[in-house]
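Labels A, B and C are assigned to the chains in the order they are written; within every chain, residues are numbered from 1.
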Amino acid sequence: MAQVTFLDAIKQAMFEEMERDPTVVLIGEDVGVYGGAFKTSEGLLAKFGWERVIDTPISESAIVGAACGMSYLGLRPIAEMQFIDFIVCAFNQITNFVAKGHYLWDAPAPIVIRGPAGGGVHGGPFHSANPEMYFVHTPGLKVIYPSTPYDAKGLLKSAIRDNNPVLFFEHKFLYRRIKEEIPEDDYVVPIGKAAVRREGKHLTIVSYAAMMHTSLEAAEELAKQGIEAEVIDLRTLAPLDSDAIVESVKKTNRCLVVHEDTKTGGIAGEIAAILCERAFGHLDGPLVRVTALDTPVPYAPTLEEYFLPNKEKVVHAAKELARY
Amino acid sequence: MKKALTRQQHLDLYYYMRLNRAVEDMMVKLFRQNKIVGGLYSSLGQEAVSVGTAFALEKRDWLAPMIRNIGALLVKGVPPRDVFMQHMAKYESPTKGKDGTSHFGDLENLHIVSPISMLGDLIPVMTGVAMAGRYLGHKIVAMTWIGDGGSSTGVFHEGLNFAATQKAPFVLVLENNLWAYSTPVRRQVPIENLADRAKAYGVKSFVVDGNDVAAVYATAKEAVELARAGEGPILIEAKTFRRMGHAQHDPAEYVPAEMKKYWEERDPIARHEKFLFKEKLLDEKGKKEIEREISALLEKERDFAENSPMPPAEFAEHGVYCTGDDCHKIRAKWERPVAEVTPPKSSVPAVWTVAGFGRGKGSGGGSAPIHFGDTEKHEQKEEVVAANNGAKGTAKKSAQPAKKPAVVAARKAKR
Amino acid sequence: MAADVVMPQMGESIFEGTITKWLKKPGDKIERDEPLFEISTDKVDAEIPSPSAGVLKEIKVGEGQTVPINTVVAVIDAAGSAAAAPAPAPVSVPAKTEAPKAAPAAAAPAPAPKPTIVPPPAAQPAVMAPAASTAKEGTRVHSSPLVRRMAKEHGIDLTTVPGTGSGGRISKQDIEAVISGGASAPAAYEAPAPAAPARTAPPPPVAPAPVAGGGGPAGHGTQYIPSLQLGVPRERLYFGNYEVEPLSTMRMKIAEHMVASKHVSPHVYSVDEIDMTKIATLRAKSKDEFEKSYGTKLTFMPFFVKAVVAGLRAYPTLNASLDGTNVVRHKEINIGIAVALDWGLIVPVVKSADEKNILGIQRTMNDLAERARSKKLRPEEVQEGTFSITNPGVFGGLFGLPVISQPNVGILGLGAIEKRPVVINDSIAIRSMCYVTLSYDHRVVDGAVAHQFLHKVKETLENWSEPLV
């Protein structure tokens, strides 16, 4: 097994799926000759040709709309948003055409909309977005946000094979920073299942994407102080694996959610409500969240650092919760 | 290149227009009897556009109607009962009551894509349909409609521009019925002929009298043939008039009475009927026969619709996700060798070829010649586009002035 | 069979319509779709066709009347008509989302289908009801949903469980300790559980619920109610041999009050020395006759009480209470006198001590002390004190540093009265001396006032001239 970066795992998934299934095509800006703004599609055009790797004008609505139309004839297009920040330029197509098709008129759109998301890279307010909740909030869409190369490849494959529209967010901070050995044979990771990254008994930390790694680092720090945190990686935000969260909190009785999304409207609020509905009698402490500020993503590194969650903030919150 | 219509074609056009109007008349009654819930939209006076354009399509072609294109749905083969049940939110309607009006589709058999209420979104979607058809080797054309009002949306522009860069086999029928709700077309756009915009998109266009069904048909037929041959997309502007309000609740008092009268006198059905009678293609007896046929059909269809049950309340929870193997039944039908799009046959050099400037980095060392245009041989505009997009369009060998470089696919500046 | 004719909804925002004209009258025959009546709405006027064929039986809404949409405006007798078909009842929930292909189930005649509003989805599973709080009325037992549930399941009274969690709340560890009968509790993260002591295992701690400290009126919302917190991990108390005795209610009350008083009032102590010789002489001279005449022993206490009264009159700041940002200056002078009991301590109050003479004070004090020892004091007799005096000196020792009895701002502690050599006019004399300590609340009373007060007390006692009665 080879050590593969997060980015290369995504590239491998696209290569393998396009090889395996001639109905899979890639459509987006600069995906062909350039190989994608982050080189996630480098080499695809050379292998699969102009009809399957389509460079488009700057028209997110048209990219998503055309992908949707293609899917009606049985194709499985992957629509790339150059930065996930630009996905909201196609908001209407996604939420009104793509998401509602199956519910309203039995026409699921098996498309994948993917792109680089998240901050911590000095990208500023328009290249660091975490807009996942707009789409988690929309019935009919699946939203995936993996944190490891293994998961990225397996979940992207699942997404391409899924008959529903799937939004696949790739945290750009992780693209080249994390590597993992992944198997070379075909494998998929199921959509809608969280993963327990670390077992513990004093509290449960729920997280996803880049913050998952921050949470693990915090858990190591907490362990030195005698606090054993259980860390759950959501991987899929919609449909949410609330069973896994509930099961863990029934064991540890305390829950802390860490996400890079803003506080208000972030998934931590959803999780808190779900725990109140399903595990109220098991709570031995308040539901705590460590999130980004309720502001746009600032540009200056000092501002962005203050804006984002980090290991220290997670450790501090976890200690307070463990001692409640 | 307008071929003359056969008698049967003329009669069919007449039949479908009359059926269109009769279906809508009946729906007005159902609406006033509270059997149709929500809103009801009318295409009174515009039947020729829906019927004439749809009639130019073949069975294998795809269409996506807008609100006022029930005539197109009837031509495509949707039974009137489905139209009634959709409006009445019945459980046996195509959407089982989940949506109303013309918001339904049929991907597998009739090749109909459902619209949404937002205007213009069908344009990129039908562009995608056209592109997929081409990719799979189907010789299909995709058609949809847009109003003068709908042409102001951003997605109209994105969609048509994208279709043009792709040379998609796509026909866009722009129904200029002079009113977008209460806004006259003068306030929607600053130009007289919306078809003039085609030039800006680099596509062919036609302008046609939307109340002359034979002309509409002939124009649409030519457009469809051009698109099918790879000359698309095509924009057809049909000039017509919306005789009712925006919907049943809108009495349209903002429309001058004289304007209504002017267009009433140009009613498409009356016009065609007059033509048929004049050319002796139809007589009074034949007309009554058609009327009886339509009336009997609609009685039957309406009864069926009225007797259909409403959906059960709990059904609201079903269908958010497509789960299970039997929910996504569409399978790609290959009508060209799959090998063409799989390696190794699909392999290409991933380089931009720019007329007069050779090939870009990554091409293996080819540096740009200093002289413009005379060292690289091909550099025709169509071939550049074809090479870059893989379209199977016919490359016209029109001469290009040596000095002008062809369209450059510039590296987009970092946003 | 009758068919209802309803007021239609002519647009999404329309909710009512007015009948402008009936085109038929009762008894008229009508065809389906034949115009039946005309209406007017906010947006549009329309002619309404009949929904069925038959005979117009009854008009329910007349011309000019406005009714909400879906109101039945007329009834048609559709007997013998083949065209009219009643709408069928809705189908039951299908297992799959496939549309039923068969004809709809036969149903009883139903009125024309009206726009139905889908009822809201089934309620979410009910939140688990919290375990009933068994705390005494007026007190809160802080715990958590988990703890309450566990308490309910095991039938444990949460008021009997001490809390070591944040703010003194009962945490999961605390209740688990109770449930497991005190055997080594699940490891808290702070330190590993110690092995049980060799001899007897520590008993489960059982304590009465924390209650408001006695001696003062019921508190404001901000009254501090501390828990019986440990200053070290609990394991450290249990080693070697030991015996465990639960606290009495009075002891609990005292503990609560003491902790509260020290927490709330910054105590400062001023000590002075009083020459009691004059009073000692007076007392020695009068006590027998006093006892014979009035049937009650004469002690030093009434003298101190009178002296304190004089001091409080001169320095009324010490006769006050603090309520947030307000100083409540009491007009009465009610002196609380601490009484030591075998089982504890109580402070009965001599009300309006400034209106009593030595006899009155002595009598009142004796009566209160006797009834204190026989547990016959009434609640009002231990309330409404404005200043306190305590006499630790009766047990020996030089002087004490007493704790203020809330909500007072001062307490005078009396040392033993002993003969000591003192310097007077540069020569040594033997005098009966008494150390006194004033503990005062520095939020309200400053050192200057405290010392002046003490001086006044001293002066009054050293220059006693009042008659005893």
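The rule is simple: a contact is a pair of C-beta atoms (placed from the backbone, for glycine too) under 8 Å apart; a residue touches a chain by one contact, two chains touch by 3 or more.
None of these values were measured; they are calculated from a predicted model.
A.B. asks: What chain sits nearest the middle when you go by CA atom centres?
C.D. replies: A
A.B. asks: My parser should flag the chain pair with the most contacts; which pair should that be?
C.D. replies: Contact tally peaks for the chain pair A-B.
A.B. asks: If you average the CA atoms of subunit A and of subunit C, how many Å lie between those two points?
C.D. replies: 47
A.B. asks: What is the distance, in whole Å, between the centres of subunit A and subunit B, each centre taken as the mean of its C-alpha atoms?
C.D. replies: Whole-Å distance between the two chain centres: 37.
A.B. asks: Taking each chain's centre as the mean position of its Cα atoms, how many Å separate subunit B from subunit C?
C.D. replies: 72
A.B. asks: In subunit C, which residues are in touch with two or more of the other chains?
C.D. replies: Within subunit C, no residue touches at least two other chains.
A.B. asks: Spell out, as numbers or ranges, the residues of subunit B touching 2 or more other chains.
C.D. replies: 319
A.B. asks: Note which residues of subunit A are touching subunit B in the complex, please.
C.D. replies: These residues of subunit A touch subunit B: 19, 22-23, 25, 29-30, 32-35, 43, 45-52, 54-75, 77, 82-83, 92-93, 96-97, 100-108, 110, 126, 139-140, 142, 163-164, 239.
A.B. asks: Using the touch rule from the top, collect the residues of subunit B that touch subunit C in their complex.
C.D. replies: So the residues of subunit B in touch with subunit C come to 29, 31-35, 37-39, 88, 91-92, 96, 245, 247-251, 303, 306-319.
A.B. asks: If you look only at subunit C, which of its residues touch subunit A in the complex?
C.D. replies: Going through subunit C, the ones touching subunit A are 124-125, 127-128, 144-149, 165-166, 169, 171-172, 189-190.
A.B. asks: Could you please specify the touching residues of subunit A with respect to subunit C in the complex?
C.D. replies: 202, 225-228, 253, 276-278, 280-285, 322-324
A.B. asks: Where on subunit C does subunit B make contact in their complex?
C.D. replies: Result: residues 6-14, 33, 41, 43-51, 69-70, 85, 87-94, 97, 99-100, 103-105, 112-116, 118-119, 121 of subunit C touch subunit B.
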